[in-house]
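Pasting a structure below so you can have a look.
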Amino acid sequence: MSLNTYGHVFRVTTWGESHGPALGATVDGCPPGVSLTEADLQVWLDKRKPGQSRYTTQRREADEVEILAGVFEGVTTGTPVQLMIRNTDQRSKDYSEIAGKFRPGHADITYWQKYGIRDYRGGGRSSARETAARVAAGGVARAALGALAPEIEITGYMVGMGERGIDRDRFDRAEIARNPFWVPDAAAAEAWADYLDGLRKAGSSVGATIEVSIRGCPPGLGAPVYGKLDTDLASAMMSINAVKGVEIGEGMAAGRLTGEANADEIFMGQGGPEYSSNHAGGILGGISTGQEIIVRFAVKPTSSILTPRKTITLSGEETEIVTKGRHDPCVGIRAVPVAEAMAAAVILDHLLLDRAQTGGVRGTIG
Amino acid sequence: MSLNTYGHVFRVTTWGESHGPALGATVDGCPPGVSLTEADLQVWLDKRKPGQSRYTTQRREADEVEILAGVFEGVTTGTPVQLMIRNTDQRSKDYSEIAGKFRPGHADITYWQKYGIRDYRGGGRSSARETAARVAAGGVARAALGALAPEIEITGYMVGMGERGIDRDRFDRAEIARNPFWVPDAAAAEAWADYLDGLRKAGSSVGATIEVSIRGCPPGLGAPVYGKLDTDLASAMMSINAVKGVEIGEGMAAGRLTGEANADEIFMGQGGPEYSSNHAGGILGGISTGQEIIVRFAVKPTSSILTPRKTITLSGEETEIVTKGRHDPCVGIRAVPVAEAMAAAVILDHLLLDRAQTGGVRGTIG
Amino acid sequence: MSLNTYGHVFRVTTWGESHGPALGATVDGCPPGVSLTEADLQVWLDKRKPGQSRYTTQRREADEVEILAGVFEGVTTGTPVQLMIRNTDQRSKDYSEIAGKFRPGHADITYWQKYGIRDYRGGGRSSARETAARVAAGGVARAALGALAPEIEITGYMVGMGERGIDRDRFDRAEIARNPFWVPDAAAAEAWADYLDGLRKAGSSVGATIEVSIRGCPPGLGAPVYGKLDTDLASAMMSINAVKGVEIGEGMAAGRLTGEANADEIFMGQGGPEYSSNHAGGILGGISTGQEIIVRFAVKPTSSILTPRKTITLSGEETEIVTKGRHDPCVGIRAVPVAEAMAAAVILDHLLLDRAQTGGVRGTIG
Amino acid sequence: MSLNTYGHVFRVTTWGESHGPALGATVDGCPPGVSLTEADLQVWLDKRKPGQSRYTTQRREADEVEILAGVFEGVTTGTPVQLMIRNTDQRSKDYSEIAGKFRPGHADITYWQKYGIRDYRGGGRSSARETAARVAAGGVARAALGALAPEIEITGYMVGMGERGIDRDRFDRAEIARNPFWVPDAAAAEAWADYLDGLRKAGSSVGATIEVSIRGCPPGLGAPVYGKLDTDLASAMMSINAVKGVEIGEGMAAGRLTGEANADEIFMGQGGPEYSSNHAGGILGGISTGQEIIVRFAVKPTSSILTPRKTITLSGEETEIVTKGRHDPCVGIRAVPVAEAMAAAVILDHLLLDRAQTGGVRGTIG
């Protein structure tokens, strides 16, 4: 990973600011011969697009992706796939007040301190709009995975919003697409709607917990010891705006378990090893076991709220700030498709990296 | 990050297995002119060394580090610093039983599945012995930081062992070095001693939660958006054996907060901005704020326990396994100096990377 | 270097094909605070632009560069600078004949063999149009060098066209911009004009030898042993289309010298060491000496000629081919600004890389 | 490529100085399951070893390589292969005179200027001894190629020594191993022996031209546009000590040819395309054609000669220097196995990289 690029052999470079003319991604190392159209990518972008429900920012962005390179006659050529999304609803005036003040909990102050210059309109590069490029790039990864390993299924969903969680006993994968929160629990969806309505009307915001499930991943992906599959997943998730914690399987709770409680015992199934449980979250020693991979992360509440907060100006004077822009009361909602995209890129990258080193050959059991 | 190397411009490559003749690290990109002796590194290795108390594995390793290159007349030359630690107490016989069986919760099975071969003696490359090389490399980072930014202070400590936590009101930094658990709470240290004694005698194991505090770090370190300081810290910690979750500041709890509760309000202090709180853990938008940086992670309990666990053999037969080796009842204890080493390498790397791009110039406030 | 990205900390990723809608470059790691406008880049693109004299392809391309990101109010922000150049004169019909045949000496056949697909319209990614993106990126490097090290002067020029060379005794730097060949010898320029006219009318083509001079470069740039300054310059030049050889200083002729003849003796000048000669081309042990850096490379003649050449079709039948497109009789002419751009990127990259490791401190002499 | 590491997915990091205790290489990304013993590597090191004929330095080095990691029961495990070679004959006293003076044409002065410190004993990291580590690493690449693509044959040989060349009509591959110059022309070998004897007795030195032939390489290796096969080969060769020029196929001579003369016409052979000639040196558009790959490079004469040369001291005084150490009159001889090793590493790296992206699938012709 380096600056604005991630991945080992499937490498994504993103660029663009919230209020510039466009943003995008260069996707390098994609296998050739993969069917790819703009519509294939648009479906994922539409999931992330703002203004789809009253729970997300009312900024209007078409978020239409254009493929500028790397695809010929509907098929990837093996050269860089260039993706561009134009910004259409910048409304710079909304941000005029924040040009001279630093929003608490926002990257305003650190960008200023590091670079001595910042694009104050909407956060520039630190804006969550950058994640649109990730989602587009993730769509390319999805298409390639569809061709190479169609059995892999990547699904993100919310498991917590503020103090509200889900009831794992009611977990229903089919529910995820049926509510605006991508939550796999119909009862939770209903309760959360009321809760978030209240926060939205109060000009408040709230954090969220998101989980990504990767099913059908073959054993053997991951490259010890600094390119472990969990290391790269953690890195990918932590790079998403506002993420403050990442967990694999048991996650932080693993620190509270005993060895007996944490052991995933092994049995011999039809197609290979099977496990009594999945505390490990599908990864052992940085390499996939073939079980479901579980990544979970927390997104902090957006710092843009209507309650005045104390801050300072560029010239060092103390003041207060109220952020009146069009913001998400729970940015975690739109983080779901972003996390799926990052997971897809990481899994494809490791599939290709493993193919490089081992040729896909596997040690057999039984 | 790629396979066995981490870092952008301060790059560490580690090599070596638990039961080979030696292990080590190549440290590339170290500034020239830094005073460095083997004794400077040994002090950190001694913190991690097994067999120092009854709470860690009784394997006897001198863990003496040799500097084979990159230092001339006691000073770094700017060329790669090569560090080597010989393995002296391998006792391969202890591991004979596990050659044909997979230990649940261990990398045995995934290494086998990926590579079709594995060094079953002590886990080979997946062994926690690999972390000795990290600690040695971290010592080089410490020495360079000492020369470039002596105000930076990196301290790791345990904040949880199994279900036991610490009392933050009793937090005393001076306590950390006084007990075998690196815990900043004298009362907790005492209680944990009894608890772990019980687990050790029962042949059981337990997880742990470790925190690393980085004080004195200047604002401006970190490179958005895929080389963020928190992204690289998360990646560094997640790459340590047995780590299942990583948090920055509030961490997973951030998902449960409101925007009002999470805001770190900004005031103007003598030397620059000051903050009312530190929910952010010292990092905003991937860049350090100048506040204390807080990284927390959970280590799962070691899978090597005396209670028989169900597993399978290489030939696919179901069986049970009891691991009788000399293991740590709580691997989290020895993870403390490892985490400090990783943090030191990441901070130095970002100090150099920032110097490359910005020359260390900073936007001024006030 | 990896696939479509080059550089260590100043990293350029290019994308785009000859006949797609656009091509461009993402420039990552640029220092913040550098003045940069589209006009600053356009001046370099205009040097490379086709159709400027009768000696280059008559394809009409405006080659207008747009800055889509990374610049705010005329100044770089430290985030990725995105550059886009639209293709406006593709005329796909010119290339219809070559869809099913492989042009000898061209990448047609290898792209097909590697990827199983190729964008046959004008060579796709293997087209020399890709170099427009390099020139734009090189313009960013020039702007940053102008801010950081204004004393550095990078000048490319032709020293040979086919069998014609220059007379080093007539070398006049002022001549370079006065003729369409960027040749520092007025008499050669005149003779070459006639020579190339003849080749052009005959539908033939010819190779060229180009030299890049870098003056004012401080000593100390370059990172042994695999990121040597000469290694990276060689790599940068060899990556340009049609380049078949790269030399530093004496180059291939160094193989024919004795140690006595090759020695650049050292004297003490006013500002530091001075040298009796510059066989080394300004680089010793991969690190700049402070002398003029001399890089030379050869460009093969374009394979697109009117004389029929034997080849095969996609279905393996033997046939002949005549390439009737609008081609450069001597692609070396337009390689001059491309080479300057690559040199600028490499020098800036090493300036930043050196700043990372050493902080720019230097060993003093005298 | 970065500092002391090269390669994309087969990555080699070297370390160590001429007069330290040892030097070595970490070879990361090697496929698992490759048979590998120290004897397999020693055969290549013995080719490079000094003191084998009167034409190379009389320094006595056993150059015995130890495998410290990455091999288990004679087979690679997929984890880093660590190679170490101890220095046994340093004789620091030979170098005492040069501690305070800079040898013209040597890296003494640039290392000093860059780092402010240098290991003056034998050049430290800039010494040709570093190439022993490359040869050992190249041996690992050879072993892996032997398993994956046994039809590939990599052969280096000298084609010029000072003003002496070879007669291509007498080219006999079998001669290469029969003379101390690795020259494929028996008559040249004899003439060169006398020539070099004279130079050696006079305490002089001479440059050389070396060629590496890679036969049996499949089409499709190479990754446009900055990881081209020729780009990476050029980079690999230019990184070898004393190399000043690199050529592919026609090399610098390509600049003097017309399009008609340079065209390699294509025919349909039994197993696929065949070519009338090989001006391209087996690479088109950065991708292998399947023809013999030809890389050529020039090595400058060593700067260590008995004729006094003018130079300066550390304190800036002008003086003269005579280098009395045990040096090679023609370092090009020992560069032959080094170049083979670098070529092997590059080819394997691209074989794995191609396997990552394309899975080894190829576009078919006919």
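Just so it is clear, A, B, C and D label the chains in written order, and each chain counts residues from 1 on its own.
We adopt the following convention: contacts are C-beta pairs under 8 Å (C-beta built on N, C-alpha and C of every residue); 3 or more make two chains touch, one makes a residue touch a chain.
This is a predicted model, so every value here is computed, not measured.
Set against the Cα centre of chain B, the chain with the most distant centre is C.
Of the two chain pairs examined here, A-C and B-C, the one linked by more C-beta pairs in contact is A-C. Chain B has its Cα centroid 26 Å from the Cα centroid of chain A.
Note: centroid distance chain A to chain C, computed from Cα atoms, is 38 Å.
Mean C-alpha position of chain B lies 45 Å from that of chain C. Of all residues in chain D, those touching 2 or more other chains are 2-5, 8, 14, 29, 32-33, 78-79, 114-118, 125, 224, 358, 361, listed in ascending order. Residues 1-6, 8, 14, 102, 104-107, 109-118, 125-126, 130, 160, 162-163, 199, 204-209, 219-228, 230-232, 234-235, 238-239, 241, 244-268, 273, 276, 279-281, 283-290, 296, 298-305, 307, 309-312, 314-318, 332, 354, 358, 361-366 of chain A touch chain B in their complex.
Put simply, chain C touches chain B in their complex at residues 8-9, 29-33, 78-79, 148, 224, 352-353, 355-359, 361. Put simply, chain B touches chain D in their complex at residues 2-5, 11, 13-17, 20-24, 26, 28-29, 32-33, 66, 68-70, 72, 75-82, 84, 114-119, 124-125.
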